Structure formats: C-alpha cells, structure tokens
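The first chain written gets the first letter, and so on, giving A, B, C and D; residue counts start at 1 in each chain.
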Amino acid sequence: MVRVTIWNENSHERRDERVAAIYPKGIHGAIASGIAQDGYSIRTATMNEPEHGLTDDVLRDTDVLIWWGHCDHEEVDDAIVDKIYARVLQGMGLIALHSSHYSKIFRKLMGTSCLLNWRVADEKERLWVVNPAHPIAQGVDRYFELEQEEMYGEFFDIPDPDELVFLSWFQGGEVFRSGCTFRRGQGKIFYFRPGHETYPTFHHPTVLRIISNGVRWAAPEPELKPISNFPGPAPALEPITNEHKKR
Amino acid sequence: MVRVTIWNENSHERRDERVAAIYPKGIHGAIASGIAQDGYSIRTATMNEPEHGLTDDVLRDTDVLIWWGHCDHEEVDDAIVDKIYARVLQGMGLIALHSSHYSKIFRKLMGTSCLLNWRVADEKERLWVVNPAHPIAQGVDRYFELEQEEMYGEFFDIPDPDELVFLSWFQGGEVFRSGCTFRRGQGKIFYFRPGHETYPTFHHPTVLRIISNGVRWAAPEPELKPISNFPGPAPALEPITNEHKKR
Amino acid sequence: MVRVTIWNENSHERRDERVAAIYPKGIHGAIASGIAQDGYSIRTATMNEPEHGLTDDVLRDTDVLIWWGHCDHEEVDDAIVDKIYARVLQGMGLIALHSSHYSKIFRKLMGTSCLLNWRVADEKERLWVVNPAHPIAQGVDRYFELEQEEMYGEFFDIPDPDELVFLSWFQGGEVFRSGCTFRRGQGKIFYFRPGHETYPTFHHPTVLRIISNGVRWAAPEPELKPISNFPGPAPALEPITNEHKKR
Amino acid sequence: MVRVTIWNENSHERRDERVAAIYPKGIHGAIASGIAQDGYSIRTATMNEPEHGLTDDVLRDTDVLIWWGHCDHEEVDDAIVDKIYARVLQGMGLIALHSSHYSKIFRKLMGTSCLLNWRVADEKERLWVVNPAHPIAQGVDRYFELEQEEMYGEFFDIPDPDELVFLSWFQGGEVFRSGCTFRRGQGKIFYFRPGHETYPTFHHPTVLRIISNGVRWAAPEPELKPISNFPGPAPALEPITNEHKKR
C-alpha cells in the first residue's frame, strides 16, 4: 500500500474566511478526502506541527509526499528541506502543487529560479493533455476546464521537463506548462499547476484524479534499493594492463 | 569576442610536485594556452585570489566560465557560488570539468547528489561520440583515447542530460556518460569528464578542441536579454469575461 | 555561406486568387524575400518542376531545406522523399512549416501520425517563448501575435520534441506546441506552426526572423563528416581473451 | 492480465544446428518459458505462419509485442508492418530485441537508419544501469555480465531516447546505449540490445527479468482510449471576436 503524506502550509485557511469556507478541513484535508477511496495509506502534516510534521519517522515511512505552500515558503526550516531532498534522491516521490513551484524543496531539486508570471482574476483555465498515454493523464478527456483559477504564464523558469503531460490555456491570453515530470536521483517528481487557495480546485474530480494518478506514478518501485556506489575507490572488474608503461 | 574565465582551484599544482611538473602554469594555464588560438578573450582566476578571483566585475564580463575543482570544493565561498548561479541563470555558459562534478555550483544547478564511482589506476579511457552532429563533437573522430586517466563509473547521479555527446569506456570495465549538456534558466552547461590532475589530459589536442567547442556552444546568444517576467500581477492580454458569475 | 532551398507546393497560389493576392511570388517567394538580407545563398523549388525541383545536385548543394506543403502531400514522389530523408540523416537541416506537419518527409522522420486538430476561423494566435535562450528564439519578445491564423490544437501526435521553443495560445480556446526541434541522424529539424495560405503570415517580421534563426540553427556544422560505421565487422580495439573458454 | 505476443523470425533455429541446440523451442519459446511465471497471457508468432502469425485478431488482442528478427527483415510483409505501426500508435507496447534494431517496424517508428557497428567475437558484455529507479531496471544490480555476446558499438543512429536505462561495456573496447525507451503516439517502445542467436542470452535470468519488466512497463494503461482528434474542423471552445475586422 502506497504511503502518502500530504503537507500543507495551512496558513490561508486559518487567516482568511473565504479560504476557510472553501477548505474547512484545509487544502490537505480536501486532498486527503478526495483520494481516500484510492487505496493509499494517507496522513497529513502542516507547518505548525513540530518539525512541520515531517519527523524522520514520517519521512522514512512516506512513499509519496504531496506539497502545497505559498506565502510562508521562507518559514520552512532548511534542515527539514534537506531531509526531504535526501529522501527524494533515495526514491520518495514528490508532487508539487501550484504555488509550490516556489517552495524551497522544489527550487532545490530544479536548480533554477522557478519564477513565472501570475495574475488572480477569476479567469478560466483549460488544461490540455499533450501526452495521452501517460499514467498521470488516465481518465482525463482531451482537456478539462476550471472556471476560475489564478493565471500562471510563461516563461516558467524550470529545466526542460523529462515529460510534459498538460498545457494550460488561460482566458487572459497566456499558456503554461502545467503538468511536468522530472527525475532526481531515484525520486520521481510531478509538478501540477492548478490550486489557488481562493478557488475550489481541490474539490474538482479531475484535479483529484490527476493527483491520485500522480501518487501511483511517483511511488517508488517495490524492490527499489539504495544506490550502492563505492565510498572509496571502486575495484577494477577487468585487468588493467598499463601497456603504455611497458613501451 | 567570447569572454572566457578559466577558474582553477590550483591546489594540487602548488602542493604536489608531480602535478606541478605536468602543469607548471596550472591546469588553468594549460587550458588557457590550449584554446588561445581560437579567438576568445581569456582570463584566469584561482581559489586564493580575493573573492576567488570572481568579483562582480569579472562575472559580469564573463560569457563562459570554465571550472576545475577537486579537493577544496567546500572552501569555495557560498556567496560566490550564489553569484555564479545567478549569472548562469541569466545566460553565462558553464563548463564543468572532471572532478567539478562535485563542486558546489554544479550540484546546485543539477539538484542531485552528483555522486559517482571512481578509481585512480592509470587505466585507459576511450571516449565515444554518440551525437556526431553536435557542435561540441566537431573535429572529433568516432572516438579518441586517453592512455591514462582516472576512472569515473556509473551510476552517475545527475538528472537526465538534455543531450548526451560522449560515452566513456574504461579498461577496468566501467562506462560513463562523459559529455552531457544541461540548460538552466538562460545558461548552457557542459559537463566534460576527463582531466585528473596527475595526467597530461589538458595537453591533449582533442580534449582542448572539445573544451573550445564547448565554449563556442555555451556562449550566450549575442542578442540575449534578461528574462522579463512581471514583478507583480501580469496584465491580462485578452478580456476576462467571468461568465460563471453571470449565471 | 549557408545554402538554403525553399520548397513550396505552390498550388493554392495558382488556383486561389485570394492566396495569389497575398503571395504574388508564392509563399516560397515571400520567404526568400523575407530572409534575403541575412546572408544566405537562397534558391527555391516547387512541385511542378522536374523532380519537384529537388534534383540530386540541388539536394547535395542544400544545407537547409525549408518545406511548405498542404493539399498535395500525396503528390510528392516517394523517390524524392527518400532522397530528402537520406540527406537529412547525413546532416541537411529541415524546417517544416505549418501544414507540412503532414508532409511525407516530416511523418517519415517522426515515426508518428503527426495528426492534430485544426480550424480556419480568422482567429488570433499568440506565440509564447518557453526557451528564451534558444538560438531560434533570438530577437523575439516574451510573445508575439498573429491577428488571424488557422488554429492547430493538441493532441499533436509527434514524438516528444528534443526542445520546445514556442507554445501557441488560440482565441478559440486551444494550445499547441508550435516550435519544436528534433534531431534525426546528423540532421536538425525545426517544426514551426504558423503559415496558413490565406493569411499574410510569411510577411510578418517576427515569423521571418524565426525562420531565419531556424536556418542558422539547422545548418550543419562546417566540419561535419559522414557517419563512418563499418560496413562489415568492426575490428576489436582491445584484446578479447575469452576467459570463459579456458575454464 | 497483460496479453503478450512474442514474434520471432525463427530462421536461424531451423537452419543452424548450433542455434537449435541453444534454443530447441526457438528464441520465442525460450522467452515464453522465461517469463511464463510472471502472470501474462502469452502467445508466440513466427515468420512462416500465415500473415506471419500477426492477424488482425492477434494484433487487436496484443498489449505488448516482443520482436526478434535478424537475417530476414526484408521478408516481413509491408502490410503487416503497417498494421503493427498503427497498433503501436494506438497504444500497443513494443519490445525490440537485439538485431531488431534494423527491423522494418523499428526503423519506421524511429525515423532514422538505426545502423550501428557490430562484431561477433565471443566477447564479454557488461551492462550498467544508468537509471536505477526505472521500472525496467528493477531487480538488476549495478551491472550484470554476459560472458559471450555479439558486440554492438556506437554510433547507433537513433533519435535521442526518451529515457536511457542501460549502457554496455564490451571487452573489445566499445560502448553502446543498450536499453532505450521511446514513445510514439500512445505506444511505449523499449529497445534492448543483447540476444545474438548463437549465445544462450535468452536463458539468462537477468535478461529475462528485464524483458518481463519491459512488458509491464510497455503495457498500455487499462483505461487508455483512442486519440479523439476531430476528423474535420474543431468547433471553437471560446468566442472568436475577430476584432481586427472591426477596425
């Protein structure tokens, strides 16, 4: 059973009545409910818990970490970020949602600024599938629509994704690479764009389906082993003749 | 004229007579001499200079930075690393040589551990071209040989390269992705494997040719402009009708 | 000097007055005029010439072939397609424009159906740069607009591009991967979406700039040599000991 | 249950006693036995059956096609190749083994010559894992060895693989991209290098494990639907205002 930890900054929900009305159990709670029927072992964690709820035990027992952060990226403890980073390289999957494009952990894994253009104008977003055979796109039609979302526009400063799954069209005139996969070490990463806190995006069935697909895709292979590079010099596997020395 | 800065830790040369005998002007000096005829404006910089020789002025006036480091990676000032990182994202090319796979700047740009297997056993390396049309492979035959080199073996923990140009065969039985390109922001990065300090690799004409090809490839386009994302909300380019509100 | 051959089906121009009014010298003539000042050696070729104007001599002397075809794809002689294919694998660049997505040569190089969605509705297209450091994007701002174009929409059945340079936004609600590069053999291929025959797209300065950038990018390296694989068994470069036979 | 069809030219086995001694049930039979315990529905097909054993019914009921061909590539009926090609684009997985690099179907899907260097000299091959988290590499250690194999060496004329999983080291001095994945349409393709007919490669447990991993990886998603592009013009999803006409 895939073990999922859903991490949420959980800041807007506590400070903004509009957000609390949309997400009474928090964004993390909405996602947890939304993928509850898919057979995962789910826990949640939030910023204000000790160690942000991401203790060594929790991270060790997490196969896929879902991340939502926005206004408090800088409040996340660097030591925790380093632990998450190490776990991703060891094989833990990571699903970075929406404004998590600018989280410490995502930027550290990308090696770029991860900046983009944005606008909150209650506009329509239409997400198009550009890789229909990808596991993450299963159950999604040619496209789906979110009637109101924040706009994210190019140029999005990320490395070229390993795979591009979704592209967004925005009513205000922009486009965006909205579903991108990356591999870092043994860990699989899925960035998924939608999910501004003032819209009910995480109640949308297709959004939840895609997140659940992402969990299954990002989960480490059952037999995955740590990388076993030698700590010192590697023994030669074949005789080394050093012919040049004999000349 | 492309402006090249060749940075070298310059530590082995000053402490080890064998290395000094091979590189009396330092590894940086050998590379500078080796590409001197190719029409670049070349300067060098080393660890022990103030700000490691990489002042704001030097970095601003550098189109391509060549980097060689090994035993003193941790001595490189984080503030300088951050400046180099910013310049790469703005468009400065970076050529990371050999043991620079584990330099702070390369790891920061990759987002992975960049660990690998290694062995110093005076063994033969044969580098094969797997992308013969690539600008970096021009002037190189199907393969070339280095009679003695350090071995670097897989698994090399890097993101999938954007382009793979060279693969190495080692006498002791390993293989390695020896010529890899990556784009980060507007900057082009070329990792090139050979160049252990106890071997005359940086006097080898094909190695020098490849480094020079790399400089030409990694140099920013003459018209390159800074990325101009909006600092705040981006204005809409099309009318946003918010039809949903009218229902 | 890069030698460019601009091939055009040249069918709409001869049969449709509206098209002839926009392109009195043909689409090939418009492109030739539009990049004339960029220092290339330019010739044109059209369907109705003997061998479609693409004789062995012409193909041998072409560094970059620009292709525009639409309603008469099936009329192109397979033998000529095979010659173009061989030349691309040897290093000739290919720029496939607009409806050439369904040309025999492009489909043969892609290995997919190259089908897409389309609509001719005089709608606005906005092309966004998603790889601002790419040579093909130089001189282009964050985006540019074509007031009227045909729509091409996803899913576009191509292999994952090596590089994605432009994405299109369409007024009618679609998005498209509009600037894509591919390498096949030693040849570089650039697919560029705009250019429906009933619109003045090939008079637009940014479109012409991008095509010219594409020519420079796709031109083979001056020193490029044919691939020199052995016709029969390759001689061993190292002793083969067959230790297993001695056991 | 994934439905696998193993296709074999089955020519060497019938004409060469040495090969028949190694593969008394044919290469197809060896592979079928070797993956029999992994829970697939397996059938085999060979060249001399009507329609090469690949009738419309068989292809429709195949999720993953494994292909081994060598001396009789040209004997494969183009009409059958076209049907396989269509099925791959619709989502059927394809595993191309060894000399199938030059099969009609693989070349048609790649869009390149697929040529390489080769040598039959009973030499050792060592395959290194360069993507240890990949599903196809599960159960494989850092490397594995085949004591005798044919050599395949670079330059291998394929498009850049979507993913590189294995690299080979050969005793005679060459390297090779031995495990490569590609997506074409909705179909996943895995090329795997080893498997010369005069060696017992298809009895090697790691080789069989990798082929079985490949089957699981290449199998289409259970919910995969045909691509539903419009046959004619696509209806607009948003109002098209044609503002330019009003000016």
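For this structure, a couple of remarks:
Methods note: a residue touches a chain if its C-beta (ideal position, glycine included) is under 8 Å from a C-beta of that chain, and two chains touch if they have at least 3 such contacts.
Nothing here was measured: the structure is a model prediction, and the numbers come from that model.
Touch-path distance (fewest steps) from subunit B to subunit D is 1. The chain pair with more C-beta contacts between its two chains, of A-B and A-C, is A-B.
Remark: subunit B and subunit C have CA centroids separated by 32 Å (rounded to whole angstrom).
A straight line joining the Cα centres of subunit A and subunit B is 29 Å long.
Look at where the CA atoms of subunit A average out and do the same for subunit C: the two points lie 35 Å apart. Within subunit A, contacts with two or more other chains are made by residues 126, 131-132, 142, 153, 155, 160, 162-163, 171, 173-174, 183, 185, 227, 237-238.
On subunit A, the positions that touch subunit D within their shared complex are 91, 126, 131-133, 135, 138-139, 142, 162-163, 171, 183, 185-188, 220-225, 227-228, 237-238. Contact residues of subunit B toward subunit D in the complex are 126, 128-132, 142, 153-156, 160, 163-164, 167-170, 173-175, 177. Residues 89, 108-113, 115-124, 147-148, 151, 153, 155, 157, 159-160, 162, 171-174, 182-185, 227, 229-230, 233-238, 240-245 of subunit C touch subunit D in their complex.
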